[in-house]
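These are the structures, in structure tokens.
Each of the next two complexes has chain A plus one more chain, namely chain B in the first and chain C in the second.
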Partner chain A sequence: RRKALNLFFVDSDLSSSKMSVRVLNPNAEVLNKTAALHMTINAAKGLQDVLKSNLGPKGTIKMLVGGSGDIKLTKDGNTLLKEMQIQNPTAIMIARTAVAQDDISGDGTTSTVIFIGELMKQSERCIDEGMHPRVLVDGFEIAKRATLQFLDTFKTPVVMGDEPDKEILKMVARTTLRTKLYEGLADQLTDIVVNSVLCIRKPEEPIDLFMVEIMHMRHKFDVDTRLVEGLVLDHGSRHPDMKRRAENCHILTCNVSLEYEKSEINAGFFYSNAEQREAMVTAERRSVDERVKKIIELKNKVCAGNDNSFVIINQKGIDPPSLDLLAREGIIALRRAKRRNMERLVLACGGEAVNSVDDLTPDSLGWAGLVYEHVLGEEKYTFVEQVKNPHSCTILIKGPNDHTIAQIKDAVRDGLRSVKNTLEDECVVLGAGAFEVAARQHLINEVKKTVKGRAQLGVEAFANALLVVPKTLAENAGLDTQDVIISLTSEHDKGNVVGVSLVDGEPIDPQLAGIFDNYSVKRQLINSGPVIASQLLLVDEVIRAGRNMRKPT
Partner chain B sequence: MTMSMQPYGIQSMLKEGYRHLSGLDEAVIKNIEACKELSTITRTSLGPNGMNKMVINHLDKLFVTNDAATIVNELEIQHPAAKILVLAAKAQQEEIGDGANLTISFAGELLQNAEELIRMGLHPSEIICGYNKAIIKVVEVLEQLVESGSETMDVRSKDEVVSRMRAAVASKQFGQEEIICSLVADACIQVCPKNPTNFNVDNVRVAKLLGGGLHNSCIVRGMVLKSDAVGSIKRMEKAKVAVFAGGVDTTATETKGTVLIHSAEQLENYAKTEEAKVEELIKAVAESGAKVIVSGGSVGEMALHFCERYKIMVLKISSKFELRRFCRAAGAVAHLKLSRPSPDDLGYVDSISVEEIGGVTVTIARNEQGGNSISTVVLRGSTDSILDDLERAVDDGVNTYKAMCRDSRIVPGAAATEIELAQRLKEYANAETGLDKYAISKYAESFEFVPKTLADNAGLNAMEIIASLYTGHGSGNTKLGIDLEEGACKDVSETKVWDLFATKLFALKYASDAACTVLRVDQIIMAKQAGGPRRDAAAAAGAGAEED
Partner chain C sequence: MREIVTIQVGELANFVGSHFWNFQDELLGLASDPESDPIFRNNNLNMDVLYRSGETQQGVSTYTPRLLSINFKGSLGSMSSHGTLYNQGSSSRSDSSKTWFGDVDTQRSEPRKRNLFQQTLYEEEAQAEIEDKDIVGSLEETVECWTDFSKSHYRPQTLYELNGLWMDSQDFNNYGAGKDLFSEASRGEEICDKLRFFVEECDHIQGVNFLVDDSGGFSPLAGDFLETMADDYTNVPVLLYSLRSPVAQKKTVINKLHDAVSFSRLSSFCKLFTPIGLPSLRGMKYLNLGDEKPYRSSAVYAAALHSSTLPFRMQHTSSDSTQESNAMDVNTLVQLLTNRGRQNIVAILDSAMPAPTLAAKQLEKTLLTNLQALTPEVAEDVEDNQSVESMCILGALRSEDQEATVSEVRNAVDASYDEQSRPLFCNLSVSRVPLPVPLPFPSIFGNLVGRRGEILSSPASDLMCRGSLDVHSVPVATRWRSSSAVLPFLESRMVNLEKLGIQWGAVGSDVVRTWGFGREELQEMRENLAKMVSELSPHQFLESSDSD
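Here is the complex of A and B:
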């Protein structure tokens, strides 16, 4: 029902434009010219204000309370924007850009929002001085292209051959994680995240992050989070007499229904005495029983003469009589596994997923050194561990309560993405605000001079807006923003590439401190920020039919 | 009509009914106040002389208890910050099963002190930093305070178990701890498996029977079922037991069956074949030696008739979980369908009998000899709420047993540990430079609330007690605690008040985690309260999960 029209060349007569809409819809509301521009600018600044305090390792946490009283704690801009139900049309547009940022690169949402906010803020100053938005927009476009070119010269290439440089991956992961979690936990997760991505990485194939299972348990403390080389399933066997722990297991991954299924047609049995009925009862189950027997035959084949165990993980169901048969043979059977887990199991344990029991061979079996069940209250977890050269693994998140777990989960997801990005980009960008300051210097000193006319001011506004990242970082760390920016720019003028240290506000070399950002994150940020800011600047009329735009007071 | 002035800031961007709180005054201080309120409620229930609370929950159920976990559970806390403390208490309850009150009260105390620091001008992040340093130090000191020689214990020795359990139970049922401890210890030791770390709290059952008094409570080696036997045979001695999970009745096909009858004779014959079939099955069971049949489902009239004829006692346990426990108690393997059980699958009970206790018909299955893995504490009391409270005390005791099976280390109780921690932390704070110093020394001060509350609740002069405790600890007596009966300070090795190391460690860690989380939050965005019966829906979902 909302409409933000991108009309620029409209009749400037206020009343007539208002009238024309009124004629069409008497309930519509119209915002014109300056009012519209200010509304969008205010909204952008407002959103920036909210997210500003989240940025960087020293950012604070926001608490979101849902409609049913559930608590969520987050520092992640993306989560925040998703949970906070925004209504203002401009804010929604910015939020969508941020969400797109997250979809593409997995990080940098907060930066996007504050960058757009800052672009709008800088533009406001120029517009108040009488500049036309269109000129600014032209300047933005030039600056954007120049910055992207600069980014390509500024980036630090990393060679990602068969043996990727683990240290650099760790640094990137650490930089991302530290902005989401407190330091101690972030450092611990860094290793987990890097190792898990390297575990699922196959040469010549794109990385599928879904092959890293993220499982959570409400148990102990957040620092008990660990990487399981193998798989953790969030269900257990449904038979009381099945083994809870087995070593040296053959694993059969299958998608075979081991339960009685009703026929599609409406069938009925007719019998005239109890014996006949007994016969029917056995006949009814025969086909299921035969399938179970085939599995048991295979088990006897591979487990004869040794004390190996046999585990079935089935995507379909296994009914109690079948479970009973399997349990009596000492087989562990899990039913109704997730489809994704079937893929992961094959990658982790080897073997192949079978869809029929007709041609079972020992080759289709996987192998795990240890399978055991862990019970937490009413939840059961099955661990499949000690597998041979796995290509799938599980990050087991632990925490005392749901909000801690959710927080870690979001962070882990971002961490995984950052490692994946690095592997794919094959380059990184110096962090801690170093890139932003360098890009600004480049724009002011080099690019601005090549631009003719008033578009220069747009380039300048863009350059100054870039500084918002180091500024906010410093502000959140309780440092003096002006001091920090001045010391940074003067170092850059001397030709030193430095970032800001959040401990004391002194310039540091991000390379030595190990602070690296993803290339694709920065690229996306610089690409999308100015586009949305330009669009918003060119809005001169907001028409809204129906309800009032403001809350009824 | 004009919209020239849009409201500025976030509030204008949110949906109607959303609230947004931010900044020190609006968010942090308000949060702390809510947490303080909560901890004042629970605090008076701390310790043996703690007061009871009467809580009436949304279902009009009355609770009279001083168990903090129950209180906060039934209070249905709405405030988000206070909820974080509740979650911490719940985590403690799930992990250890005791010490929930310490968690909430201590977190409340930490936050109260943090508020003072904030008013002094410290930034919350500096306080968090100090508190984090403090908790690391606390863990270190706590490990030094462990009573030497307590690392190993014989989990089957009743004296050792009782000495570790007493403090936990006494804080719930002061004055009756001796009786309860001995009951719980007996029950636990009996079901303790070969490897004590595998102890399962589920194996100690509690049966609450109205009437009598605590002195009439006893332990049953086996199970107490609150139901009658199905048939007329009510007692069986030294019997083999066959368990059928699917019910004792004629078999049925999954597909709908129809009996096809052409003549009157066939009708007669059908009933006969049916009868013959059931008789054959029951006879097979009887021949296998089983004298008791336990059914997980319905028991058919005809099957029952034949059971009576073959002198088989029939029990019905409809809960799947209860049936599994029964299997464990009797050492039986459940069969799905009525069939001839193999001798290995039969269980054994010494006696199984239907008795009437306090007007309730119960079936008691006993297994006096070893190899038994279930024991039941039969609690007697005059009212339901007393029974509920006794049950919670027993639960705490059992949980403590589980915790001590895993980690048997103990630390002095009766506030001795807290004072010692406070003292050491203060020394540590003095050695520290920088702003952390203030936070750490406040953290140390927070420990004082334990002796203070214990003394207050017992009607003693708190300041005097704390002062003399400090003097004692200052002169090197690390085990000086409060003796609540005499109202003086005494060495805990005399009064024998010991707390489990694990309980204390987890409670303190969860508390400071929760306090730091509350301090870290500087903005709250609250959605409009969703309408509808939330709690009931959640309860129904929970009940559904139980049914499996």
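Here is the complex of A and C:
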């Protein structure tokens, strides 16, 4: 038989003696095959239990209260996993896969965990009946390939040319957002999310979601969250005489140090007298002033004969003497801008990011109709708005407290990813469990027959595991899961592609209800779930040295 | 104003930092207390270098450290991750903040109980009957987290917890464990955002104090962070302190490789690298230290950190005042130690706490002989006429009950150098302000240490350990040394990297590969280490004269 996998959980200090010593370590604890498998399956089920109630628009939100009284509210599997202290090695493997799912496709963390959990549950049944895990795993592999093929025939293509179908984008975004936020807020954010992705989208280029800045203010209410066409920066000018509001602004985006720095050569020099020191300082200062003057020259050039304003947003520092000079000329200056904002500013306002004052030309300047500062306690925000033809924008999240903001932020991130995925996939998948039921029926009715021998049972286990999604959706909505599954499968057998309505448990057409999922999320899920489940099933022995697995503490 | 931003990464770094900020908090308190010693009231230190003023949304003004602390999730103990000032009102969950109308499943962790000391801080006067004696006693018994004995306030931007690690802290003991931490899950971005908050408001930042417990997975995190910082804040000098707790120093193959790799990587992003952490602290003079409790060992390191960085905060005055002398900024120190003759960025930190009284010459208790290295793997009795030193002496005493003046301290140091070979260059900074011993300071002083940190001729009590109730302040002397005495430290790293990681068939070659280092990178590291070694080697001078 093929070499089975061992899972080693070994204390990582590899002593200078050889590897084999570790395996023979008398303190190492060895669990045999059956015990190892059951430990693994239980861990997978345990993690599934924790996350199950999150799934879907009827799931429960989790409020985590930390030991020091900190509150975290989340409905996002990804956030929840990261908040958990997971110790069990199997659970860690599953959690890592689920988090990777989120990194790659932007959603589907909870689904991944419950799918893997369900695959393990179905396998347990077969193994208890005497089946060898290897055979099951072979069945999984066949079923996985068949399901991926089926997904490609099942998906709904959408055309995303120069004028993408905004309605379908909204439906996908809404489907995601409604699983994270209450309907009213979800629907409000749907438009924001879709518009912001369309704003940053450029023909023939991959969508870079970082060009949507997500800024938050602890202020007012969640419904005050809005899309700013332009940029919001989390800092303001550092000079009392600079204007707090300006119209018709030339924007200089630059990465030029406007602060006095002792140059390396002179710093170690110990001045023999005060005059000498003074002279050195003056010389250093002069070169900074030169740079500031060049900027002022440009300002005078473009603002001559009009009442336009001039705004500098610099990635490097600007020290008080430089600020003084600039303020005297009526220039607004911000220092230490985020590196990513250099890129965003140029995309929002036009012009280019300047790295040296020698490159200054009027063409390098961007434009904003309005720049103003908003102060909240000690926090300052600078709004750069009324820009022409922006390719970068800001989603400004407002909420009365940190945990509300954090939750909206998570939801917005997922929403953005779902829109990006749709634009890039150029297709969507019918939601509300419709795909899972259809795929299950396909596997049972078509694929299983073509498989020889006991691997059939693996295909069947896989097929049944797919049903965990509609089952959990129904369960979380307080419906009878048996009834729901029976009515769904019989509709599908009649040739009607339906999902479950979480209002009354009746079959609905997801197309009409506007419930769509991302193709890439589903694809990733079907790909990674069985891989991890197979690895876990083929664990033969669990060996752990160094620490006792059943710690008394 | 020349601001300093402090960064603390890892468990021990935060323990040291917690003591360090307690000293500062104590100094601030003493400076504004009309009943305290005039030396503290007119301390002539500019605390704005380390602190920032702000106000909460409720309009309460705040004065908090310019600090970023990074540590494991859960390491904040009973302190909220929003700090201690800015979270009023956030815990009340009003209906307007509801984002979900469905069911709520609440999972409540066992509340972390505040220890006696924290209770007195939070409840102010309410429980006046708690006695200081009980507090000191309970701290010795119960400290688990650095927040347990911290009396300073922190901002929300200061605290960063790593979540989603899913590993025991004992598995987090090598470079591989933290390899992708910084880049994963936008942690790096969040960390950089927090740092930017502090740097943006600095008018003219003079440097960054970077404390890192680089014995495990925090090393790659710090490395990646420093690399990003080097891009964002190119000309801001970083002083790096690599801190090791005594218990973390078992030397397996992995540890040796880790040390070599960690040092190579971190030292390439800083201007001055100071390794701190002896294999055992039991030999420290006048102190009673075990090696087990980080609460105790970190106090010694924190005192040295406080003393060695004090010149950065002295008010620049045109002539030396009577309070202190020789203020320095970070860049001057760096140039002094690393750029005079030899290019060596690894400095040894020596400390004497308490520093002996100037008059006590009879037992060879001169300042110099009392300095003990806190840097591990340092050669003793090395004659290095090329060495460069920067010394800082705080609150030295002339005799048992009298403070020495600045010029007396200068003369004493001068005199003690007459008995030893002089370094090539020595800078001396002096402040008359001794180290105040705050209430939550551990009882680590031996029974020969008096109330003002003077060395007594006979034991003051039968108790072996004296703490903040008996000792109110101590004079401290620290010295930074750029000397060939650090060669064993460098050579062991070079040799280990070669023998265990690079050589054909080396035991650890697979390990370093899983840590993400290719062959060429390792060879480059080795060459850099070799360069550092040859720069300091006494033979190097001969070789070059041969070639002439």
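Keep this in mind: the second predicted complex is superposed on the first by the 504 of 553 C-alpha atoms of A that agree within 3 Å, B and C clash if a C-alpha of one lies under 4 Å from a C-alpha of the other, contacts with A are read in each partner's own complex, and residues count from 1 in each chain.
Note that in this section a residue touches a chain if its C-beta (ideal position, glycine included) is under 8 Å from a C-beta of that chain, and two chains touch if they have at least 3 such contacts.
The shown structure was predicted, so the numbers you read here are calculated from the model rather than taken from an experiment.
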Practice task
Based on the superposed arrangement, let me know which partner A:S257 touches: chain B (first), chain C (second), both, or neither?
Solution key: second
Problem - First, second, both or neither for A:R335, with chain B first and chain C second - result: second
Practice task
Based on the superposed arrangement, let me know which partner A:K409 touches: chain B (first), chain C (second), both, or neither?
Solution key: neither
Practice task
Considering only the touch criterion stated at the top, classify A:H391 as touching first (chain B), second (chain C), both, or neither.
Solution key: neither
Exercise for the section: Would you sort A:R134 into first (chain B), second (chain C), both or neither based on which partner it touches? Expected result: neither
Exercise for the section: Tell me which partner A:G317 touches in the superposition: chain B (first), chain C (second), both or neither. Expected result: second
Practice task
Quick one: classify A:L47 as touching chain B (first), chain C (second), both or neither.
Solution key: first
Problem - Contacts of A:L181 with chain B and chain C, given as first, second, both or neither - result: second
Exercise for the section: Name the contact category of A:I86: first (chain B only), second (chain C only), both, or neither. Expected result: both
Problem - Doubly contacted chain A residues - partners chain C and chain B - result: 53, 58, 60-69, 71, 73, 83-87, 218, 221, 260, 262, 267-268, 274, 320, 377-378, 400-404
Completion exercise
Within their complex, chain A touches chain C through residues 11-16, 53, 58-71, 73, 75, 81-87, 92, 95-96, 99, 103, 181-182, 185, 218, 221-222, 235, 238, 257, 259-262, 264, 267-268, 274, 315, 317, 319-320, 335-336, 338-339, 376-378, 399-404, 407-408, 547
Completion exercise
chain C residues touching chain A in their complex are 54-57, 59, 73-74, 76-82, 89-91, 93-94, 96-112, 163-164, 166-168, 170-171, 173-174, 176-177, 185, 193, 196, 199-205, 231-232, 235, 250, 252-255, 318, 331-332, 334-336, 339-340, 507-508, 511
Handout entry: Contact footprint of chain A on chain B as seen in their complex
Key = 3-4, 6-10, 12-16, 18, 27, 78, 80-81, 83-84, 87-88, 90-91, 94-95, 123, 125, 245, 250-262, 266, 269-270, 273-274, 276-277, 324, 327, 333-334, 336-337, 509-510, 513, 517, 520-530, 534, 545-546
Handout entry: Contacting residues of chain A [partner chain B, same complex]
Key = 29, 31, 35, 38-39, 42-43, 46-47, 49-50, 53, 58, 60-69, 71, 73, 83-88, 91, 218-221, 240-241, 260, 262-263, 267-275, 277-278, 280-281, 284, 320-321, 324, 377-378, 400-404, 478, 549-551
